[in-house]
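To start, the structure itself, in structure tokens.
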Amino acid sequence: QEITEFRIGILGGENAQDRMNSYQCLADYTTEELGVETKLFAPADYNGVIQGLLGGTIDMAWLGASAYAATYLQDPEAVEPVMVKVNLDGSIGYHSIGFARKDAGITSLEDMQGKVFGFGDPNSTSGYLIPSIEIPQAGEGITMEPGEYFADVVFTGGHEQTIVAVNNGDIDGGVTWADGQGNWEDGYNSGALRKAVDAGLVDMNELVEIWKSEVIPEGPVVLRTALPADVKEKMTTLVDNLYETDPECTYGVFAGDSLGAKPVTHATYTSIVEARKAEIGG
Amino acid sequence: MLKIDTLTKRFGDKTAVDAATIHVTEPRMIGIIGRSGAGKSTLLRMLNRLSDATEGSITFDGEEITALRGAAKRDWQSRCAMIFQQFNLVPRMDVVSNVLHGTLNKRSTFATMFNLYPQSDIHRAIEILDRLGIAEQAPKRAEALSGGQQQRVAIARALMQDPRIILADEPIASLDPMNAQIVMDALRRIHEEDGRMVIANLHTLDTARRYCDRVIGMRDGRIVFDGTPAQLTTGVARDIYGAGADFSEAATSTAIETLDSHEARKAKAYV
Amino acid sequence: MLKIDTLTKRFGDKTAVDAATIHVTEPRMIGIIGRSGAGKSTLLRMLNRLSDATEGSITFDGEEITALRGAAKRDWQSRCAMIFQQFNLVPRMDVVSNVLHGTLNKRSTFATMFNLYPQSDIHRAIEILDRLGIAEQAPKRAEALSGGQQQRVAIARALMQDPRIILADEPIASLDPMNAQIVMDALRRIHEEDGRMVIANLHTLDTARRYCDRVIGMRDGRIVFDGTPAQLTTGVARDIYGAGADFSEAATSTAIETLDSHEARKAKAYV
Amino acid sequence: MTDATLGTPNGARSIDHIRASYLAQVQRRRLYGGLVLMIFVLLMVSGFMVADDRNAGGFWDGLHQIGDYPAEVLAEAWQKRADLPGLVVEFFPALIETINIAAVSTLIGAAAGLVLSLLSTRGLARWPRLIPVFRRFMDIMRAVPEIVIALVLIFVLGGGPVPAMIAIAIHTAGALGKMFSEVAENADLKPVEGLASTGATWAQKMWLGVLPQVAPNYLSYALLRFEINIRASAILGFVGAGGLGYELRNSMAWGPGRFDEAAAIFILLFGTIVFFDQLSSRYRNRLTEGHAA
Amino acid sequence: MSAADLDLVKSQADALFSRKRLFAVGLPGVILAYFVYIFFAFDLPGLAQRANWDNAVTLASDSWSYKTHVTRENGSGEMEYAVEGERKGAYPDGQRPDWVTGDDVITVDLGGGTLVRLLPDRRTEVEIPEFGLIKAQAEGREITTNLTGDLPDWISASSRRVGITTPEGRVTITGSKTEVFNYFPGWELFWFTFDSPYHGHGFGEILFGDRIDPDRGNIAGAVSDWWNNAMWRHRDVAWAIGETILMAFLGTMGAAMLALPLSFMAAKRFAPVMLIRAATRRLFDFVRGVDALIWTVVLARAFGPGPLTGTLAILITDTGTFGKIFSEALENVDQKQIEGISSTGAKPLQRYRFGVIPQIVPILLAQILYFLESNTRSATIIGAITGGGIGLMLTQAIQTQKDWEEVAYYIVLIVGMVMVMDSLSGWLRGKLIGRSD
């Protein structure tokens, strides 16, 4: 079969138009490679991209691990993971970071007892899935039911919103993502905290880290399974070689420094899928 | 030519028209009088087939009218034009378009949907308007016209149908005396010049007397009088209107000459 | 006590009141006559400060009225009640509330918005209504009353203000003769019993003659007559109304005794 | 009187003239009508094509999938139907919050709209010269979409019902202000003048002279607004302002496994909207009819 | 009236007024009580605490000003100059703002006597009038400073990070880099970015001056560079606005076209069969009750993100609303005109065309145009959910919370757009229906 256009979905985390701009180079390469028009879509949240992949209206996206699991759980045949981003140190993982305001006197999860805790987006791996499983294991009696260990557990909607909410004191602590490399006072080398610091939104002196997760696998670049085989192959090769052909573009697509991408399969995410299934159901 | 036989109309318990029988052998100008609720409108609406008769029959030139359905019924309606007390025009459309509505039955549905009428029809409409003295109003919206002018547009629409019969349901009841006269004159002239039958509901005795060849009186749905204007004495009128001895004809009059002497007569009444 | 000096009101080009000068030294009942558009209403509205004068001044007991602003102006209005041709009551409110509106100026805005009138005021309102013979109507909505009753409610509201002057702008123009007489009688009685000054615009000569101590005639904004009723001859009236020789006083009359002979006189006119 | 020219039709020349000018008018009307119709069709077709093109999924491809999502939700909800009543109870507080947002913002907005409408109506205004200022002010309040104010306020005040409430109240004030002032324009000024003549203050004149006249219409418009505001507050919840919209967004983001929650929220939201819709249309009819009588 | 009667009337009046008072005080009382409940239910006391007025100040000042970042990588000593710290706003190599001077010692003049000196060997000095000289030395991750004792609240210092915020600008020093932010009023680079040859040229110069870029005419080049401005992205914004209006237009008109025939089926006069009527009405109630919000969600699966999804959501909801309004209008049509047309023997379609349509067209047009305006506003919100139009740009710009000048720009555009649509629809209403209706 033939395709008449190729549609790339982009996940939240930055200004919609900024994201579109960073992906434009990838779209251009795609058009060149496939010979069909390439369109970029930036839905308002994770769920928008997931729905697009499930409904067959989006052909390719870079998902978070949990978002991939969500897609997989709703329809195992919908998408297949092909590539994963490689960090500067060669790893393909990152961390979920729990943090709080220093002046609130909170320095650890124990201090959070009876306080308000915030997740990001329910479809986020580091902003919800992993911490919701690992935090209860980190201490005696910790649960994620609102009103039990924490006075309340809320969803802020996204990483940026969590950071701002903690910084404002709307919530006492929250989780977001970071590569876990570099220095805390810079907001690590990359991640949501770093972006907030760069934007002048927060002063890392005022924040403390209260928890850090195990390594979380980076989310995969996925292609819709129903795409023609040659299209899938061409796109896989394109993403694989992107760093070699155009590092600048890779920086934009992967939202920061990386060593490009390497192939990945569903096996990498089976534990995440299981975790999500256990946590959310479905 | 027109034969109405024991025509009856019931609304639930109420018998609005009760076994009305009228025979008309040649085109005449006929006035129907009777007080409000006597059944005049109902009778005319059955004639035009706007409403169905409960019992009885209407035949016209041997054709059974009450039995017509669908296209045949609409064809009959196109041959039997009707004029209403409230004019029943389309106020937002221009005068000529309103007149052209008289041709709807003859033209294809599709063309008329887009207001596409043959040019010859448009010319004829304007001629008819001219005949009624309101050709200058042709491009105006119907709602912009005075009552008398609107009624003349309604007559023009009726003429546009080129009907054998014109039914008029109290055509002058919402008009002032001056306009009432113009409209009645027009109807009479059409009757005389074109030889069309005209049946008009009228609520004033003197109008009926003055314009009609034959007067039919109705009371409570029944026909209680049928004769020439001359036979319509004050005593008969009292019967028709069910009025007591204090009945004054002038009380229902709108004609101008009556009006002129009105003041005087009223003064007399007070004396 | 009341001094009106070259009071002028212009609406654009139009001079509605043109250098009116009136001196009143003691509480009198004064009638202002003149045909429609003469400037009567405009003059009264300036007196009540419902509209501002273009030029000239009004002084009352030495106080400059035209210069008052804000609270002082409203205080003057509370001392100078006004009665309107169309009654200008609040139709959806009950009669007592309408009368109590006469005390608005004396009470705090907040209290009046929550209907917190002192009981003594409520009782006084009812006594005033009783004096005008409509105490039974007290709990009804104003809109449920007849015109004459409504105008008496308006007078009651004026009395509630306990004013030095009562202005009345054609108080009987929308009333039938019977009610007109009741209302004018009430105004006269108030003038006589309470010693309040009453200035009334009237459009009928005979009313002015009958009820007023002093009559002022206006024409085209100017004061063309100022004198006693006795001085108001038919010739003077013709001047005021700018009428020709066919001027008949009765044509503008509404008084009852005139009306009784009206029919006859009118019949005579037709002869 | 020209009306009397029944027996004397116009001369042949003038009738030709009338005929020609009428035909010209018909031609012109057909031309304009056709042109407008063509432009409209063109706009619709090309607009649809642009929208279709800029959408991820095409219209015709997606049409047969419309039922997919509701089917999944309903299937799961049906499977877990035993839990539904419990979930409805669980989300009831969120519903109350949504309704509260709508109610408070309608009250505040209506109060502000009331004052603004009186200030910007000719004949009633406290400062007639400032009428254009107040009108412009209302136009701007009306033009700002709720989401703009809500998002900005969320940034300053943090999430929760208050930003949504303020945002909706501001919009409501503008919208109701305009409608109120249209009603007030038709109010009878005689009672106002009557009150003015007794020395009443502006507030007294408005409260006692104008309000009794316009109250039924005002109330009817305010009810309609309340109905609209319930929807608005649900939508604002979706972008972070609390209430039922927030819960709906989360349960949908979770996807399968929590679709029973989504279904419960659907039911609550749908039920509430229909309930208040019916309620307000009944009372509105009664108010305006009662007024006409 | 006798004295006894009068007393009776008086006591009746007293009773009347106590009732009125009760109502006049009671109703506001109930509302007040509700507000008190809301005061606590919405946690307003807590809100006063949570409210972050610094954010409000940031928002207010950022929306009409911009900052230029001067960054030194403390490791390599590399300098970067960029408006808003964005790559797109970076000064081309070899250029820098004129308030930065020096080569070995780079001096940044923040104005008002505040100077920042970036010295070799990872040293930084900040000179603040009426406070003194702050010296900082970065060593690995450590920062050593000459700051001692109680620090004012505009200085935040730890061994890893120093932040100084003054009205003139902001300085942050960490082990890895030193950043200076200098604030200026205005929307910098609104017209042209640094890489455009037209940057720094006035309008007069571009319009009437010599050719600036040898390859292009001035006007064409300037318009194209402005249109493709990477910072402000005027082209994308224009598309987004267009998409929003498109959603409103298509949705409203589509709904009207769909609702018109359906509304006949819901009007008593035209649909004598009770079942059809009830079914159509329930359908209207259903699509209206489900609400655009939920429709967007349902449709997103079938059609994916984009303007079409938003259009359809508006279309479906408004079909219900229009259906209801239209069928009410149809129930109120004047029978006389229909009868007049019927009496000529017109066919049923002709009866609708001439008896009914002319009557309801004014009502329809007025409603459609009114909805067109209000849907422009709805489309902004729906776009934010389905991913299309100016609404998405606005929400994302607000959520990332840094480009407040862009937020301000979008808000101005949105308000302008709605106001234009409002007056347009008002003008059309007047034109098509006439003032009298």
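A, B, C, D and E label the chains in the order they appear, each numbered from 1.
Here, a residue touches a chain if its C-beta (ideal position, glycine included) is under 8 Å from a C-beta of that chain, and two chains touch if they have at least 3 such contacts.
Which protein is which chain? UniProt says B, C = Phosphonate ABC transporter ATP-binding protein; D, E = Phosphonate ABC transporter, permease protein PhnE.
The model shown is predicted, which means the values in this text are computed figures rather than measured ones.
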Centroid-based (C-alpha) most distant chain relative to chain C: A
Selected interface, D-E versus C-E, where C-beta contact pairs are more numerous: D-E
Identity of the most central chain, Cα criterion: D
Chain B on chain C, rotation in degrees - Cα superposition, rounded to nearest 5: 170
Mean-CA-position distance for chain C and chain A (Å): 82
Chain A and chain D, separation of their C-alpha mean positions in angstrom: 39
Between chain B and chain E, centroid-to-centroid distance (C-alpha), Å: 63
Chain A-chain E separation of Cα centroids, rounded to whole Å: 27
In chain A, residues with contacts to at least two other chains: 7, 9, 41, 51-52, 55, 57-58, 157, 161, 164, 168, 170
Two or more partner chains touched - positions in chain D: 54-57, 62, 65, 68-69, 155, 158, 252
Sequence positions of chain B contacting 2 or more other chains: none
Residues of chain C that touch chain D when the two form their complex: 48, 50, 73-78, 81-82, 84, 86-93, 97, 101-102, 104-105, 109, 112-113, 154, 157, 161
Chain D - residues contacting chain C, complex: 188, 190-191, 193-201, 203-204, 207-209, 212-213
For the chain D and chain B complex, residues of the former touching the latter: 1-10, 14-15, 18-19, 21-23, 25-26, 30
Touching residues on chain E, where the partner in the complex is chain D: 31, 34-35, 38, 41-44, 47, 50-53, 55-56, 59, 243, 246-247, 249-250, 253-254, 285, 288-294, 297-309, 311, 377, 380-381, 384-385, 388, 391, 394-395, 398-399, 401, 407, 411, 414-415, 418-419, 422
Contacting residues of chain B [partner chain D, same complex]: 96, 115, 119, 122-123, 126-127, 130-133, 135-136, 138-139, 146, 148-149, 178-179, 182, 185-186, 189
